[in-house]
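Shared between the two complexes below is chain A, which has chain B as its partner in the first and chain C in the second.
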Partner chain A sequence: MEIVQARAGMPSARAKGRWIHSAYDPIKEAQAWAESQSYHEGETLVVFGVGLLYHVEALCARLTRTVPVVLVVPDLSVLADAATVRTWGDWIDRVSWAWGTTEAIGERIAEAGHPLRLITYAPAAALHADSHQAIETAMQRRAAAQAGGQLRIAVVGPIYGGSLPITRYAISALESLGHDVRWLDHSVHATSYHQLESLKNSQHRLALQSKYAEMLSRVTMAQLAEDPPDLVLSLAQAPLILPALEHLRRKKFLTAMWFVENYRHLTYWQQLAAGYDFWFVIQQEPCIAALKQAGAKDVRYLPMAADPAVHRPLELTQTEREEYGSDVSFVGAGYANRREIFPRLLCRDWTFKLWGNEWDGATELISVLQRNGARIDTDTCQKVFNASAVNLNLHSWAGTGLDPEGDFVNPRTFELAACGAFQLTDRRTLMPGLFAETEMVTVSSPDELMGKIARWLREPEQRVAMAAQARRRVLAEHTYVHRMRDLLSQIGVTSPDRIGSILRGARQAEALALTATDSFPSLAATLRTFPSTQRVELKQLAAQIRSRGPMGTLSREDLMVLMLDEYRSETKDLV
Partner chain B sequence: MIQLARLGDLVQSLPAIASLTAQYPQRSLDLLCPAVLADLARLFPEVGHVLKWNGTQWHTWAKSFVGEFQPSWLREVQQYLAELTTEPYTIAYVLNHHPRAVLAATLLATEVQGPNLRGPLDEELSPWASYLRHVAQTRGSNRIHLSDTFCGLCGVTPPLAPPILRLPSIELHGDLAEVGNSAGQWIAVVVGAGDADRSIPVSVWTEWISTVLAHDSPYAVVLVGAERDQATALAIQDGLSPMIAGRLWDATGRTTLPQLATILKRCHWVVGADTGPLHLAAAVGASVMGFYFSRARVHETGPYGRGHCVWQADHAIPETWPIQASVKIIREPAAAVQQEAVAGWSLWQSYHDEWGAIFRPVGDRDPEEDRRAAVWRQLSEQSLPLQGVQ
Partner chain C sequence: MKQVLIINVTRMGDLIQTGPLLDRLREEWPDVAIDLVVDRSFAPTAALLSGLRQVISYDFTRLLDDCRTQSKSLVTLMQEMTDWAAPLRAAKYDRIVNLTFNRQTGLLASYIGAPDLRGIIAGPDGGPIVQNPWLSYFTDLHRHRRFNRFNLVDLYAMGGSGPGAFSPLSVTVPADSRAWAEGFLRSSDKTVHQWIAIQAGASDVMKAWRPEYFGQTMARQHSRRLTVSSNGGADHIKRSAHRPAVRFCHPGG
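Presenting the complex of A and B:
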């Protein structure tokens, strides 16, 4: 850090050409920052970003002395800089310091108490972004491991398309984690929506499709109003428009989007970026920066996955092996790069089968195209994966050859691996973070493809070993259960008072009863009539009280709960 | 007394307040009502303290509790209830068949008398509450007035005379200070009616006011209503001749409820379709003329007292309006009894006796048998003995 005197006379600091504190008045700036931070009683504040600690001092001044504050210090030399130029007040005694390795810092934070609220002083935190990311990830893992509470989650799926099956997998994963999931399924509207595609006038078609999406957005709002969830989780292509998302935010609904699309290919995220509280994307930079630039507040990387209940090794009959099997196969749509590469696989000393739709006009490939280019359902897909010696997995691209900007890893990669099927895939920049070279074979150019196919067809035992390793990796790290657990723990760490407290089990009957025992004994007794781990909210509590029947005895606390529930039961004015 | 409904129901509680305080003069009576009506309720005779029910605050609590319920948060609710009363009341009379009113009563009092027989979780209705539900479902004429059923719910009979709300001196600002003070007869026109389908069209009001202020008539008109009625009031004025503008005042959106009551009291007639202000007008002693259509029925919400007129439409949306006939009654009130039939409308006049208020059709030579005494006897026999009252 470079220490520079601010206009107001006190020391300020710069690093890498950027100001860490105000060049004019660091104290005033820090006070404004501290005022803008939210805090709930009982939380421990964890501060990222050291700088000259003006912000920490302002935060301590704003909060009562009993609020625990932990400052994360990834690099002690920064603290030394601050100590050289500043004189500490007694506020410094209130701060706990967490330094050392990521594990040491994580443990120090965990010791400080729960629930934790992360606060980032961005100008200073940017100097140690990687360390902070690692610490936050460690905290999320810890939160995920401790999670036991039941969330009510409304999942908003698309009308049709590739994110529809992913919606099912995500729901199944959330349910297996014990959450109460409601699917707002818009695929039931697909027939009507597709009817609009038959309109020849493109202006009419686009205008009506837009109106249709707007109407479905309102339907979603009405469904959410009837039974407000803790979290609204949208999958890519979910029909929720920006005004609806803004309205949901005003009504304090928490929203998240898992954008399981290539952000370069589908760009509607630009209109929705500011609408969701949390974005989860399958690409890293520059995707994350682009979303933030468009107004998204919180963007995180969450790669694709597999569902082992669907994507699994199959025992196939001889007939099935004959029908679905081949030396080399590919399942997918006829994108430009595949149309250009696949003809090179013909007339070789291996059999090649091509499965999938949107291959119209690919005349060279007719001889290998199965089922006349019909859409392939999930079951068939698994059979092909299991029956093929070498499964090709070329990511889609609208150009020729392989996508030079190829970064994200598609669902097929995880699904093939989960099936225990051998795959040959194109190189992706995000692949090394997900799979090792010993788990699948990659090619960097179409020219490499023939040689590698030939080689791996000659080595069946190694193929099986590699595929088995890839499957083990998926089961250990890359299922939808892993993804949903990560997604919720990340939201939980960011929202400790809402999602976080539910995940910690603070809304379960026994935990609530404990907090009520002293002041509200009658309420505590009612809470103890529920199973101890059951999530209990005002609605359930009031229903339990009403279930005593017309002659039931009511305490003052019961009456207060019933009154609050009367006001709660009014329909929210969402629509 | 617990009255958590709107303006009209609050004003219609006056007879029950009068009867209760007459029957139990040694007891003090406090009133719990919506916070927005508290200033008006403080003017009610015989009422001790007026407790404000803050529905907005309850909504806010309920919203914040959804998905985030914490028992400790009930402390704030407890504090609010303690501010309403530190000691429970001996008895609460509940006038609304709504769980909130019953719960509020149970929270604030040891004994509760109201629509539910045995407390908030009991759905069995008391005889008077059953009667109210029955008439709400079957409608029909010759029923006991809502104000008098409130008396029945409280276990008392209607007051011998309609209660009058005597107002203290309440200042009116600007040009409104002139209302009722200059020579001639003043008419308050209630321009709105809450819901659009219950409002009298602007063109009808324009014609009605033009007719009543025609030539050298001795009348002046003041338009009354809430802030939301200001646009309607302006539209009415736009349609009037500049010649009569000097005899028209616009008070819409410019008064508190006590000020509105003062304006209504200074008028000889109050005309309109919005039953809340019409009930208030009747309570302060003005003569009321109501135009009832859409869902408004004279037997359910007619103004309480003697000599009020209600034009009841045969259909929800009237095709014609009794403009000439209604103005004629204002000019010659005694002529009301000879009023000839007007197509699409029937005219009713209010009376009051020992069984409370009743509306009878004007010009009906073969009136229906008055069944109120029999109903009172029947319901009183079914009622349980009152508890907590000596």
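Presenting the complex of A and C:
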């Protein structure tokens, strides 16, 4: 850091041409920052960003002395800068310091007590963004490992399209994690929606499709009103429009979107960015920055995955091997780059089968196109993956050759790996973070493709070994269960008093009874009539009280519970 | 000294119509101390009523959102609500008049407790029952509206107190609000001949003025200037209104 005197006379600092603290008055700026941070009683504050510690001092001044504050110090030399130019007050004794390796910092933070609230002083934290990311990830993993509470999650799926099966996988994963999931399934409206596509007048068609999506958005609101969840999780193409999302936020609903799309191709995120509380995307920068620029507050990388219950090795009969098998295969839609590359695979020493739809007009490929280009269902897809010696996995692109900006890794990559199927895929910038070179073969250009197919067809044992390694990797790190656990723990760490507390089990009967014992003894007694790990909210408690019938007597605490429950069940202001 | 608590949470118009009940209570008990529970958004309106010891407001909208989304644990919600209601319980009211006809406030009235509870309260099983024949009559008013001979003001006064002298509706406008209104009218366009004040909001969204009808009305009043007096329920209209001839003013300025 470069130490520079601020206009108000105290030292300020710059790094890499950017001000870490105000050039005018760092103290005033720090006070404003501290005031803007939220805090709930009982939480430990974990501060990212060191700088000259003006912000930490301001934070300590704002909070009572009993609030634990942990400062993450990824680089001790920064602290030395601060110590050189500033004089500490008493507040410094209140700060716990977490430094060293990521693991050591994680340990130190964990020792400070739960629940944790992470706060970031962005100008200083930006100097160690990678370290902070690693520490935050470690904390999320730790939180995920400790999670035992059951969330109520409403999953809003699309009307149709590629995100529809992913919705099913996500729901299955959330359920396997023990959460109470409700699928707001709009695929039942697909027939009506597609009917509108038969309208020849495009103006009418678009206007009606838009109105239809708006209507489904209202349907979603009505469904949410009937049984409000802890979290509304939308998958890409979910029919929730911005005004609906804004209304949900006003009514305190938490919303998240897993945008399992290429943000460069489908750009409707621009209209929705500000609507969701949390965005999860399959691309990193510049996707994350673009969403933030469009108004998204919290954007995180969450790659695709596989569902081992669906994507798995299969024992195929000889007939099935003959029907679905080939030396080389591809399953997918007829995007421009595939139409250009695949004809080169014809008339070779290998058999090639092409599966999937949207290949109209690809006359050169008719001889290898299976089932006349019909859409391939998931079961068939798994059989093809299992029966093929070399599965091609070329990511879609509207141009020729391979996508020069190819970054995200598609679902097929994970699904093939989970099947224990050998794959040859195009190089993606985000691939090294997900799979090693020993787990799958990549090509950087269409020209490489022929040579690599020929080579790997000659090495069946290595193919099997590599595919088995890829499958192990998916099972260990890349299932939808992993993704949903990450998603929830990230939301939980960001909202420790809400999702975080539920995940920690703080809403379970025994935990609630403990907190109620002193203030509400009869309430605590009622809570102890529930199984100790059952989550208890107003609804369950009120039902328990009402079950005593008209001959029971209601205590004042009972009356209060029933009153709060009446507020809980109010819906008319929601839709 | 007698103490009375009036619960009137959800409706701005009904709040204004509570005025004669206050006079009637003072006629019944000249030294009575009357407190009023209102939603926070109606506190400025409640302040226009004369003769109240205190207006006790609470953000019931936030409470509803917190309860519904379970954003706080039930123990936290209990603690917050109990803390808020503690002074009400400690006051030991002689009478509670619940003029908000819903289950929630019925349970609140019973929770606070008083020897004389009127309006909706909680029955033995927590279900709603109505105490006082005048307020029972009011509860069923929607069924026999065409035969009804009584005004809401009278029902409130009879139900909350009893027969007494006629008392017109009245509010006390604070000096600063009066000054604001006079300044507003003076500073405005001299060509305006007539002002129309409209309350665009409603306690129930189904009763609220729809934006399209509001727009049609504005179109018809195009040559005039409108000043719209609104409560929180008029947000949907504010968002859809762009005509410069319309001004939005909250009660009391």
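We take it that the second predicted complex is superposed on the first by the 573 of 575 C-alpha atoms of A that agree within 3 Å, B and C clash if a C-alpha of one lies under 4 Å from a C-alpha of the other, contacts with A are read in each partner's own complex, and residues count from 1 in each chain.
Following the convention adopted for this analysis, contacts are C-beta pairs under 8 Å (C-beta built on N, C-alpha and C of every residue); 3 or more make two chains touch, one makes a residue touch a chain.
This is a predicted model, so every value here is computed, not measured.
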- Message: After the alignment on chain A, I want to confirm one thing: do chain B and chain C clash, or do they fit together?
- Response: clash
- Message: I'd like to know which partner A:507 touches here: chain B for first, chain C for second, both or neither.
- Response: both
- Task: Classify the contacts of A:519 with the two partner chains as first (chain B alone), second (chain C alone), both, or neither.
- Result: both
- Message: For A:80 in the superposed arrangement: first (chain B), second (chain C), both or neither?
- Response: neither
- Query: Regarding the shared-chain residue A:565, is it in contact with chain B (first), chain C (second), both, or neither?
  - Reply: both
- So, A:537: does it touch chain B (first), chain C (second), both, or neither? both
- Item | chain C collision site on chain B, chosen from 182-190, 236-244, 290-298 or 344-352, when both complexes are overlaid on chain A | 290-298
- Touching both chain B and chain C, residues of chain A: 152, 228, 230, 252, 497-498, 501, 507, 512, 515-516, 519-520, 523, 536-538, 541, 546, 548-552, 554, 556-557, 559-568, 570
- Task: Using the touch rule from the top, collect the residues of chain A that touch chain B in their complex.
- Result: 152, 228-230, 252, 497-498, 501, 507, 512, 515-516, 519-520, 523-524, 527, 536-539, 541, 546, 548-552, 554, 556-557, 559-568, 570
- Item | chain A contact footprint on chain C (complex, rising order) | 60, 63-75, 77-79, 81-82, 85, 102-104, 107-108, 110-111, 113, 122-126, 204-206
- Query: Inside the complex, what are the residues of chain A that reach chain C?
  - Reply: 152, 228, 230, 251-254, 497-498, 501, 506-507, 512, 515-516, 519-520, 523, 536-538, 541, 545-546, 548-554, 556-570, 572-573
- Per the touch rule above, chain B residues touching chain A in the complex are 55, 58-59, 61-63, 65-72, 74-75, 77-78, 81, 99-100, 103-104, 106-107, 118-124
